[in-house]
């Protein structure tokens, strides 16, 4: 564990240093404009004169304004501490049930993600079972499954939402279905691989015992596929989350981290965008880690880890 | 020998259809195996030993000739669970304990729970693995795994035991030891055994009948009935009779061997 | 209603045909391997057409395939402009830059165990960022042109590639590395002659995964600002204009270019990793 | 109570205050209505939603509604709470833009999603090409619903709504005197915004007709209340915002600006405004601007408002 | 034998530090190998044969004692490219042809292009694979692959050839054949060869010196100088001298063997 923590800390520290440094050229123009308006002496004077100058030159000529680049309300690039403050404000300082709480929105997104992930992985597993057992399905479905993933989901997401709404399906479900659409594919691919992982010898062996297809499935294929299943579930859950966010974008005006992202972009609230982004990443990392824990537990129980 | 043969092949042919054209794996194979025989198949790589064993086990379908097992077709025999099959690698399922692995065919064949446990105990004992039932395969050495795999093939008490190079992956000394064990087992149970091997001493040491095959297309070039007694200590391998049979096998092999 | 029943019948018939084809005597052949998915695809289109017409689905909700095809044929110049804007300028440039960057970092990570332990977990976290959130930021930073789309693609492609290349470079067995050592090979000799070729199956795995993601990323980014050309631009604008046939024509272009991109990579893979068991047979 | 589903064009904000106030103050309940207000978003086309049966009534811009009518979704305007339009092009004086003729050669941010029709009509009128900068053309970029392009210096003009983005530009530190504003309405290219539309066939059902009468009556009551009490209305909107991302300050600003647009409308559509909208749209029929190609018929009715206002 | 030993181990110790504590793989190993010797190492699994060979090749660093190769430290010898090493599996790169594989060490060592080709031809000839240079490894049988891997180790003409169970994966008959080939090669080139095997007949048939090892910790229990002549037809294996040495080896092995 400590073998990892120290290098990670070093890398994170390096990123932070770079980040603060990057804030200066990114935000300097606006900082100078504000400062000038408040009467500070800026070189060169006047928005017009600075319009086409390089941010680096401006930063170099006005070192006195650097601090300002880390404190703007709507910066191009918010400084890390601003994001942390925003996160703090929207998680700890407000009730978790409040609409202003990221915990609340995180929960909404999470529940749609989990629902979508459940649909997607169950669907993916069933499809994989079909593909493994039916040649016709194998040959016809697989190429189209790949093609389906090249469709820009964001383009059809609104249509899915509209069509489902006309059937009275609203709220969590449309998002979950879009999220399922993104998560089923890695699960299908992984499960097909896993269900086919028993060697020819393994398959022959159960044949010598005159096992039925169902017995072969439950006693050989399924257990053999477990490691593959977990590997693809990890990819699938991350994809699920992206799907939920994508499903939230066109819907507009609802609850969830995706809306926070979008609302942030409508009102130029960059700090809010970054906070929502970070919250999403934490959620994704958490979900993947959770599956990792389940994986380790299951594989250990199955005697597959050593 | 006495009575009807347990396994009988008459003019057996098998041709695989491959992308590069047909491959004739077996041609005009004739053989009788009687109850209680220990038959070894030896021959260069690719000569059809495995294919023949698989035909008996109904894992391949011959393209010509006739093959009967206990008077039935191989597929009927398979469905009647007439044999246990041991592959070269132990092929134990890593997610099941040793006992779980041995229980697997019993579950599939629908043995009652209580009997399953009893049988597992019995065969574990038979291969000298009592006490290892709760271990996972990877916690055992290669030799022990191979014994567990034999135990698994024995558990449902089929009359015929087919083994395809079961000890190919083991080192010579462990192999010697397992050879002794198999012989003891055979003596104790009186099963009919078909055994594929690459090793001349192993074939001679174990068998009552040695079938020498030659490749492309796989034919039987020699069938040697062993005059060795049933009781065989390891150092029988230095005896003149042993060496003589070994010599005959080697000559038979040499004759039909292409090196690559 | 008749059309709905016809759709159902057609489905059953086509499925029966596919089952027959794929289990029939010609099952191994190339023709069948091609015919079966084609039959499946055609079935979907026919069933779609019949259902849309049979159930009187409004055109502004879901147009029938025939109408999409007509629109497609009539709009080829526009579709081509959009394709060039999004795919050629945005996706390809971002893809190349992203893969190259991943390659460079992978070598760094490969040479330093410290960096490996530090960068990979952080990278995994960064990869968990939803691109849809990054897209508006990048549009703000890099302007509405193709550059911002390329930047989004770079970010999307970078991490899957890094992970795959790093894993691939570790793919060699201890024996193979020992062998290099017995010949007193330098790091770069070992890299070019052993580890890079051995990594190729992984590299292509990464290339294929990121190819589909790259296109989606570029289209998403166009939703947050673009010149008045591009697949994402056209899709969102056409939705606003209720020109759903145009939306679907663009989706067809996206799926087609995505699949072709994927196919091209698979073909290249076949050429480069001809030696890998998965490519033989 | 009768159920009514209203699909908005955009996210919850003071632009739709009248409906939220009517809901909050119980005006709908008083009319024995159970109203569901569905927020929209950038990629939700309300015309599509109503066509698919996901809503009974929608708010949208007239251009989009007429376009939908041509594409086989016969929408009818039943009320027009917005008398004036808030869409405008906001330019930087510092970029040298003072009057329409100065636009040539500049980069303009335009909203699409069906909001682009007035812009193209205006450009056609000015004789400016929209496919690239030059002495007689402008560079058009699709602007997301934010003011970033102007602030970041990526465009010299951007689309704004008086009640929303314009305020954001001011927030960003620009003074009104730094900016040149072209209001489409003032220039004669105005189009009716935010009207209430239903499907023509539905209106044939007297029960639906009656429902709409009550709905429009209650909504207009809501609008008038909101106009009179902007701060309270803003708070109501904020309470209905699911994202929790809106600020009271901004909604108050928006409500005050929106009130200027709804002021003077009793809900009934002014046929003259309708004529202007149609004229504008027909003046610039092109590949880029395929809103409508011929004079629409039966696209509005006074039937509902007449009954509602009695 | 005459002159300075090529390889000399004095009180060699090697302990691996593992998670489960230290594992002593070699203890107090003393051995001299002279120019032109053919030394076989035999012993049960895990006794340290591979480890010892790897020490010579500087792939492991001994934790005690002294080891010299040509009077240098093993690492110096490695950098001087003093030996060729043949691993158990052929380890050919699948993306290179047979010729390309053999050329690989030559490229790395910077041989000029023209000489590379000449050498490839020569060693292909030596292992009787002329004409197969353009094939890919997977297009050859296991035996041929193993010969190619030997050719690769020979190509740069190191004085010492170290082989770690090179024929472990092959069948007995192909193995016999390769044994003959290796003997011929050794006779022709006069190289010093270290050879690890599990097979008693193989060890006896090939070697001038047989080193018997016992496990945990790995020690040398017997060093047998073979009285067999340099010229060895295959049937020398049935001669009484051969059997006697084989017996001595087997006894040595038995003594130190635990079955599992």
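Letters A, B, C, D and E mark the chains in the order given here, with residues in each chain numbered from 1 onward.
Note that a residue touches a chain if its C-beta (ideal position, glycine included) is under 8 Å from a C-beta of that chain, and two chains touch if they have at least 3 such contacts.
Source: prediction; values computed, not measured.
Student: Which chains are in contact with both subunit C and subunit D?
Tutor: A
Student: What chains do subunit B and subunit D have as common neighbours?
Tutor: A
Student: Pick out whichever of the two, C-E or A-C, is joined by more C-beta pairs in contact.
Tutor: Here the pair linked by more C-beta pairs in contact is A-C.
Student: Can you tell me which chain is nearest the middle of the complex, judged by mean CA position?
Tutor: The chain sitting closest to the overall C-alpha centre is C.
Student: Among the chains, which has its CA centre at the largest distance from subunit B's?
Tutor: Computed centres place D farthest from subunit B.
Student: Between subunit B and subunit C, tell me the centre distance in angstrom, where each centre is the average of that chain's C-alpha atoms.
Tutor: That gives a centre separation of 50 Å.
Student: Find the geometric centre of each of subunit B and subunit E from their Cα atoms only, then give the gap between the two centres in Å, rounded to an integer.
Tutor: Spacing between the chain centres: roughly 33 Å.
Student: Using CA atom averages as chain centres, what separation in Å is found between subunit A and subunit B?
Tutor: The computed centroid separation for subunit A versus subunit B comes out at 54 Å.
Student: Could you give the separation in Å between the centres of subunit D and subunit E, each centre being the mean of its C-alpha atoms?
Tutor: 85
Student: By the touch rule stated above, which residues of subunit A touch at least two different other chains?
Tutor: Residues 76, 154, 158-159, 162-163, 166, 249, 265 of subunit A touch two or more partner chains.
Student: Any chance you could list the residues of subunit D touching two or more other chains?
Tutor: 42-43, 45, 48, 52, 144, 146, 148, 152
Student: Which of the chains are touching one another, listed as pairs?
Tutor: Per the contact definition above, the touching pairs are A-B, A-C, A-D, B-E, C-D, C-E.
Student: Would you pull the subunit A residues touching subunit B in the complex into a rising list?
Tutor: So the residues of subunit A touching subunit B come out as 199, 201-202, 204-211, 215, 219-220, 223-224, 226, 302-304, 306.
Student: Please name which positions on subunit A make contact with subunit C in the complex.
Tutor: 3-4, 7-12, 15, 26, 76-77, 134-136, 138-144, 146-156, 158-159, 162-163, 166, 238, 241-242, 245-246, 249, 258, 261, 265, 270, 273-274, 276-277, 280-281, 284-285, 288
Student: If we count contacts the way the header does, which residues on subunit A are in touch with subunit D in the complex?
Tutor: That would be residues 29-30, 33-34, 37, 47-48, 51, 74, 76, 98-101, 104-105, 154, 157-159, 161-163, 165-166, 249-255, 259-260, 262-269, 272 of subunit A.
Student: Would you mind writing out the residues of subunit C in touch with subunit A in their complex?
Tutor: Going by the criterion above, the answer is residues 15, 18-19, 21-23, 27, 32-33, 36-37, 39-41, 44, 61-62, 114-119, 121-122, 124-126, 128-134, 136-137, 140-141, 212, 215-216, 219-220, 223-224, 231-232, 235-236, 239, 244, 247, 250-251, 254-255, 257-259, 261-262.
Student: Which residues, counting only subunit C, touch subunit E once they are in their complex?
Tutor: 173, 175-176, 178-185, 189, 193-194, 197-198, 200, 273-277, 280
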